[in-house]
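Look for subunit A in each of the two complexes below; its partner is subunit B in the first and subunit C in the second.
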Partner chain A sequence: MERLVVIGAGMASGRVLEHLFEAGAPFEVTLFNAEPRGNYNRIMLSPVLSGEKAFEEIVTHDDGWYAEHGVTCRFGEKVVAIDRSRKVVVGEKGELPYDKLIIATGSAPFIIPLPGHDLPGVVAYRDLEDTNAMIAASSRPGAKAVVIGGGLLGLEAAAGLRLRGMDVTVLHLMGHLMERQLDEAAGYLLKKDLEKRGIEVLLKASTQRIEGDGKVERVVLEDGTVLDADIVCMAVGIRPAGQIGADAGLTCGKAITVDAQMRTSDPDIFAVGECVEFDGNLFGLVAPLYDQARVLAKTLLGEDDAFAMRELSTKLKVTGCDLFSAGDFADGEGREDIVFRDPARGIYKRLVIENDRLVGAVMYGDTADGNWFFGLIKDQTDIEEMRDTLIYGPAFQGGGGASADPLAAVAALPLEAEICGCNGVCKGQIVEAIGAGADTLDALRAQTKASASCGTCTGLVEQLLAVTLGDSFDAGGAKPVCGCTDLTHEDVRRLIKARELRSQPAVWQELGWKTVNGCPTCRPAINFYLLAEWPLDYQDDAQSRFVNERNHANIQKDGTYSVMPRMWGGMTTPDELLAIAAAAKKYDAAVKVTGGQRIDLLGVKKEDLPAIWADLNAAGMVSGHAYSKGLRTVKTCVGTDWCRFGTQDSTGLGIKLEKKLWGSWTPHKVKLGVSGCPRNCAEATCKDVGVVCVDSGYQIGVAGAAGMDVRETQRLVDVASEEEAIEWTAAFVQLYREHAKYLDRPYKWVDKVGLDWVKEVLSDPAERAALNERFEISQSVYRKDPWAEHASEPEAEKFQPLADLTMEPAE
Partner chain B sequence: MSQPDSAMSFIKASEIWLPEGETLVFGAGDYGPLAAFADVSSQSQFAHGEGLPGKAWAEGCPIVLDQFDGSYFQRTVAAHEAGLTCAIAIPVFADDALKAVLVVLCGDDAGHIGAIEVWEDRDDRLHLEAGYYGAAEDFGTASQDVVFAHGEGLPGGVWSAQMPVLMRQIGSRHGFVRGESAKAAGLTHGLGIPVQAPDGRTRIVTLLTGADTPLARRFEIWDARPERVGPRRAAVRIDGICEREGPLWAKQNPPVDIVTITAWQGPVGQVLGSGLPHIVGNGTGLPAGYRSMVALPVYHGEDLAFITAWYL
Partner chain C sequence: MTWTDIGAVADIPLRGARRVKTAKGCIAVFRTGEEEVFATSNTCAHKQGPLAEGIVHGRKVTCPLHSWTYSLETGEAQGADEGTIATYPVKIEDGRVLLDVSALAEKAAA
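Moving on to the complex of A and B:
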């Protein structure tokens, strides 16, 4: 009998042995394992950690199995070397000759070499010892765990520890969980699910060090956050454990290199599992390992077979979290998404199609069709014929004709299918109401309450109207934000506030967006609504801004940019003028004096922007925001300082207003003017907010315009003091920020809501104070110079390329 | 392995009551050797609010009755004669509509250890609403002041997952929140079942059992949600443990070996088909070595979502 020695008793080598014994292979097998036990189903350690499985249940091969097949077990003994010249392996307890050798040493967890990573209490999550260490740590009431890594293993560890009663925090470096398997929308739902279990999830959380006196006691993040910890589980990935092969002189890349028969560079030595590299690929999921095991067994039996890479799918073993991910779901040129969301049931499905083939699928909450989609991906099935109904799964395929009509899917829903989750209205009730005469959306809402709450089922209800009434149904109604949603701007603003949606993924999912990440029309609006509602929680998204706002400069017809420093109230100094002149010469810019009392430097190349900003910053100047949906200028006249007609310090008031309002984002641009007397040299009566100074105080007008439309301001209020003028102006701007539709100038917004309503709100001192307070909270984040941020490294480096090519930029 | 016998279990009898107009009528029952009690029961019926089944219907939530004397229980004499000491009634609602009431009757002595609990959501924490601990008095005492947050322990895990959970070795390695006293009481396994109620409040029923005198010898959890099995009426066995067969979950990855049943196929398939609890008392269709089974549906809204089953 040939002597077969196997190093490593993991799942891959275990499967090889099963195949060999099933085929009656004539081998005398000796099995080494560094762990003091045989083969167990390592991927089921998570339910053991959580208590939902016992370790005994996940043992694949027990002592009886090894004995039955005559396997000599050397468990708990590490192999320290392979002597290929003598064909022996050197174990800790002695040598053993082989005829054929299988290396199946698996992988080792990657430990981030942070300060404190070697403290007792810092564990990886790889084997039973790690699992038992975590179970032991959970024994103390109120014990706290920190899990570093929001991938599959980390989240399974977190859920298990939570079930054990621990306070658990997950730290994840990236912007969403399981970013290798899930897109942002599914990651959002997963985070929400985990938080419902009492697990705290911190994204973009970078760990700086682990501290403790003789054992782990706390984790310190880069931003200074300190988290108490009785145990730290580091689950940030694995790397192949193939060193023993490299030491023996086998060809290695990142792991032990094998051919399609799992043979290493030595014809008598084979490798299988996570310790191998095949065709440049490494392995971490079990399905390809089993394929390798089958191929290796056949190779040892002298039969033909070849290992080939194949598509993989992913499942998270957290009870109650249903997710499925397969194929490639990254966006790219020529790829198209089909998205289905059911906010009431927490369902998200996304299919990625390329050249009429399904190339990727991500599903959360409803994974029933996962395997069917996985099959379409693996088989590269042409899906052109079923594209319109593909997202509804196999139940809606195969009929052709009517089934190719997207409305057919709605028509095919059973009468008891719930359409409006908020109000529990099913299809039958809606159809009945339509039959009784409710032939418009409003009438249906009134009679059945369908789509009357969150409104995310509006599209479905309209489809039911269309299915039931045919051509006689006219959708009409309020205009939605864009094709991504059936909701209006007003609905979206209301729901962002009412349902406390604080991120774009939350809006996309909870409001049932039909696209993955919105579109160039809706993203800038949603970005503004979020930052206006949640200034402290929401982070402005540059990818959701128009090109000028992204680049903090106005692009010109020749592709160059204009740069305009702020001149507070139109005032400047000789030193500022010298710096502007120097910059103009250095960057070969044309110089233009603007109507807003500033100096524009035209023709600056994009790559020079960070440098010219740095030069102007050095002279004490900041961005004039000449490109933004925000405060532009406060135009002033010279006022009482110089003018013999001036009644008040109009320049001083203009500077104060500009210093209060600059940097704030608004639905559209906002321009102010302050004139020192009714002669109105600052043209304040055609501004969004115009202050005209008079002997008795300040006349504040709003809703003027001097662009495509020309409007004179309407008098909002007359006040006696400068402080009151500033308070009323800021309150008006904040009211506009909180209520206006994105891209409505103040005059359009006031036309819609009526000046009387604006006056009524602002005439309440408490309301005015509250608006000012909210404005200041927002300004605590946004009253800053964007040039300074982008002029310095590394921001300047990152400035030019788009950070995320998956998101079409807003234009 | 010892021969399964209901006489060795904490659970002595199980019965199903079905709504018929304003009355609950006898649907099915497994009383083992308790023939006299079976006779009395099969001739009984209960109005809304009457007796234990009627009370569970009226209150719309699970009820644990830890003593029959002086209570609204209507079969007290027969129960005493049969050695029954406590009962739990679990109403099964599909949305607001009562489908059935499952009543489990228990009898204990020092040799029969087990616990049945009802946990209820109050102030975003699960508190013990009622429990019967039989001889495991210390464990019962230890449970009185315990509360569970979302995701914490067996009740909290069921609460956050909104699905039944079967935990093993609840008393080992101090992991279970009440682990020490559970271990001392000999309780090793726990089945947590979410129970839907018309008032919308979360309630979790837990069945805790020991290895030596088990409440049941085989537990199963089946997933019947369309999100998992698609539009067909089917269910897949997602977890289970059996004294005779060992673990009952899929061993392959992907789970090509997962056990699937369709409506009306076998005892569990009856639940899938009818939407009602199902009781087998004569071994028909059960795995080898088992004489009785109770299968309880778990609803999400109007939809049958999961099935739990326990066997003796």
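Moving on to the complex of A and C:
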């Protein structure tokens, strides 16, 4: 009998042995395994961790099986070397000759070499020892677990630990979970489901170190966050464990290289499973491993067979998270998407099509058609005929059809969701009033006051009428944000608040966006609405901003930029002017005096922006935000400091206003003016907010304009003190930030809601105080100099080209 | 094909782009998904706007100067605008972005 030696008793080699014994192959088998046990179903460790299964239930081959087939088991013994010249395997307890050898050493978990990674209590999620360590840690009431890695394995570990009663936090480096298998929308839904079952998920979370005295006690993130932990599970990936093959001189790439017959570069040595590399591919899922096992068994039996790559699909083994991903939905050219979202039921489906063939599918919430789509992918079926209804699955083929319901977002709102913020009217009251006979907008306004004040929720109220009354109500033609949605700006703003949507993927999914990730029209708008509503939670997205706001400078027609430092209230100093002059010379900039009382440096190259900002910062100057939908300038006259007619310190008030408001993002740009007397040298009466000083105090006007439209300000209020002038101004700006449509200047917004409504809101001292408080919360994040941030690393590097190939030899 | 490593995928912001300087002008490398990149000429066919500064949406980019929108897959202007920009083979391997520089020489010479 030929002597067959197998190194590694895992799922792949186990399957090879099964095939061999079934065929009655004449081998005398010796099986080495570093783990002190035989073959078990490793992918079922999750139910063992969660307590749904016992380890005994997932054992594939027990002692009886090995005895029955005459397998000599050397479990708990590592193989230290292969001596190919003598054809012997060197185990820890002695040598063993072989005629044929199979290497099935699998993979090893990847451990990030963070400080503290070797503390007791830091485990991977790979074998029974890891699983038992996690189960032991969960036995203490109130124990906390941190899982590093939000991929398939990490999430299964997190779910299992949660079922064991632990407090679980998942740290994931990327912007959404399972980014290899899912796109953002599906990743968002998965996060939401995990959070529902009590698992905390931190995205873009970079672990800095693990700390503890003799054992793990806490995890510290790069941003300073500290998480207590009784156990840390690192599930960030695996790498092939083929070192023994490399040491023996077998041809290796990232793993042991095999041909389609699973043969290594030595004709008597074979390899199978996660330790092999075939045609440049590595393996981690079980389906191709079983294919390899079948091929290897055939090869050993002297029969013809060849291993070939095939499409794979993924399902998450977490009860209640219904998720499916198959094929290639992320890479490649010439592809189109079909997207379906049903916000009310938390469903997302995306199909990727190339040349009339389905090449990828991602589904969340309803995966019933997953295998049908997977079949279309594998068979490369021509789907041209059924393209229009493809996303609805096999049930719709051959007739029928459906479309996403534009009213789904409103229908999904809970009854207690507030629709009208001005009058505190929730959905339940409106639905009740409709039921009681209020079947028109006017009737509803009269009975509930919903949409009767500023009117920005009119669209939602109309949609509620439509949902409740069905076809008998005609909502009229409100203009949607863009082609990605049927909702208006006002609807989106209200729904972001009412449904507590705190990210762009959340908005896209819950409000049924028709595109994968928006368009240049909606992206900047949604980004603003989110940061205005959730200043502390939402992370401003630079990629959803127009170039000027992303680069903190104004792009010019030739691709260069203009740079404009802030001059508080239009005041400057000789030192500042010298620094500006030096910078203009150094970076070869044109110099222009602006209408907003500052100095513009034009023609600066993008690569030079961080350097010129650093120079201006060094002279004490900050960004003038001349590029932003935010506070631009506060233009002033010299007031009582110098002017013989001045009635108040207009320059001082202008500087105070600018220091309070600078850095804030607004629906459109905001310009202020403060004049020291009614002669109005600062032209305050055509600004978004204009203050005119008089003997008795300050006249505050709003909603002026001097652009495409020219408007004189309308008087908001007269106040006696500077403090009141600042309080009213900030309250007005915050009200504008909270209510206006993106890209409406204040005068357009005031036209829509009416100055009377604005006055009514702001005349309530409690309301003014609340608006000021919310403004200050937002400013705690945004009142900072973006130049300082971008003039230093790592941000400054992003202004340079990614690579410079100008020195590469031309072909 | 001559694949040249031009940097890490992580150095390109998601739904953003970075420039690559070449002897024949700038190329824009766009990242449309966690693991998806495209490369085109950085220069808009309309008034030479820098496309790497545009808003990236789906597999399209919109020029920052006058909002011409291009398919990153074909390089063709979308909608009513007519024009085409060069596209270049680019791929991701082990987290690195590889650009085919031979295509660059051919297209520039053509």
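Note that the second predicted complex is superposed on the first by the 714 of 811 C-alpha atoms of A that agree within 3 Å, B and C clash if a C-alpha of one lies under 4 Å from a C-alpha of the other, contacts with A are read in each partner's own complex, and residues count from 1 in each chain.
Convention: contacts are C-beta pairs under 8 Å (C-beta built on N, C-alpha and C of every residue); 3 or more make two chains touch, one makes a residue touch a chain.
From a predicted model like this one, the values you see are computed outputs, not experimental measurements.
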| item | value |
| --- | --- |
| Which of subunit B and subunit C A:30 touches, first, second, both or neither | neither |
| Which of subunit B and subunit C A:337 touches, first, second, both or neither | second |
| Subunit B versus subunit C as contact partner of A:699, first or second or both or neither | neither |
| Touched partner set for A:368, first subunit B, second subunit C, both or neither | first |
| First (subunit B), second (subunit C), both or neither touched by A:509 | neither |
| Contacts of A:199 with subunit B and subunit C, given as first, second, both or neither | first |
| Which of subunit B and subunit C A:440 touches, first, second, both or neither | neither |
| Interface residues, subunit A side, partner subunit C - complex | 174-176, 179-180, 183, 330-335, 337, 515-520, 523-524, 542-547, 550-551, 555, 557-559, 798, 801-806, 808, 810-811 |
| Touching residues (chain side subunit B, partner subunit A) in the complex | 149-154, 156-157, 160-163, 165-170, 173-177, 179, 225-231, 239, 241, 246-247, 249, 251, 253-254, 301-302 |
| Interfacial residue positions of subunit C with respect to subunit A in the complex | 2, 4, 6-7, 11-16, 18-23, 26, 29, 33-36, 38, 47-50, 53-59, 62, 64-65, 67, 69, 73-74, 92, 97, 99, 101-102, 104-106 |
| Residue ranges of subunit A touching subunit B (in the complex, touch as defined) | 41, 43, 50-54, 57-58, 60, 132, 135-136, 138-139, 159, 162-165, 196-199, 286-287, 290, 313, 315, 319-322, 347, 365-369, 371, 393-395, 416, 418 |
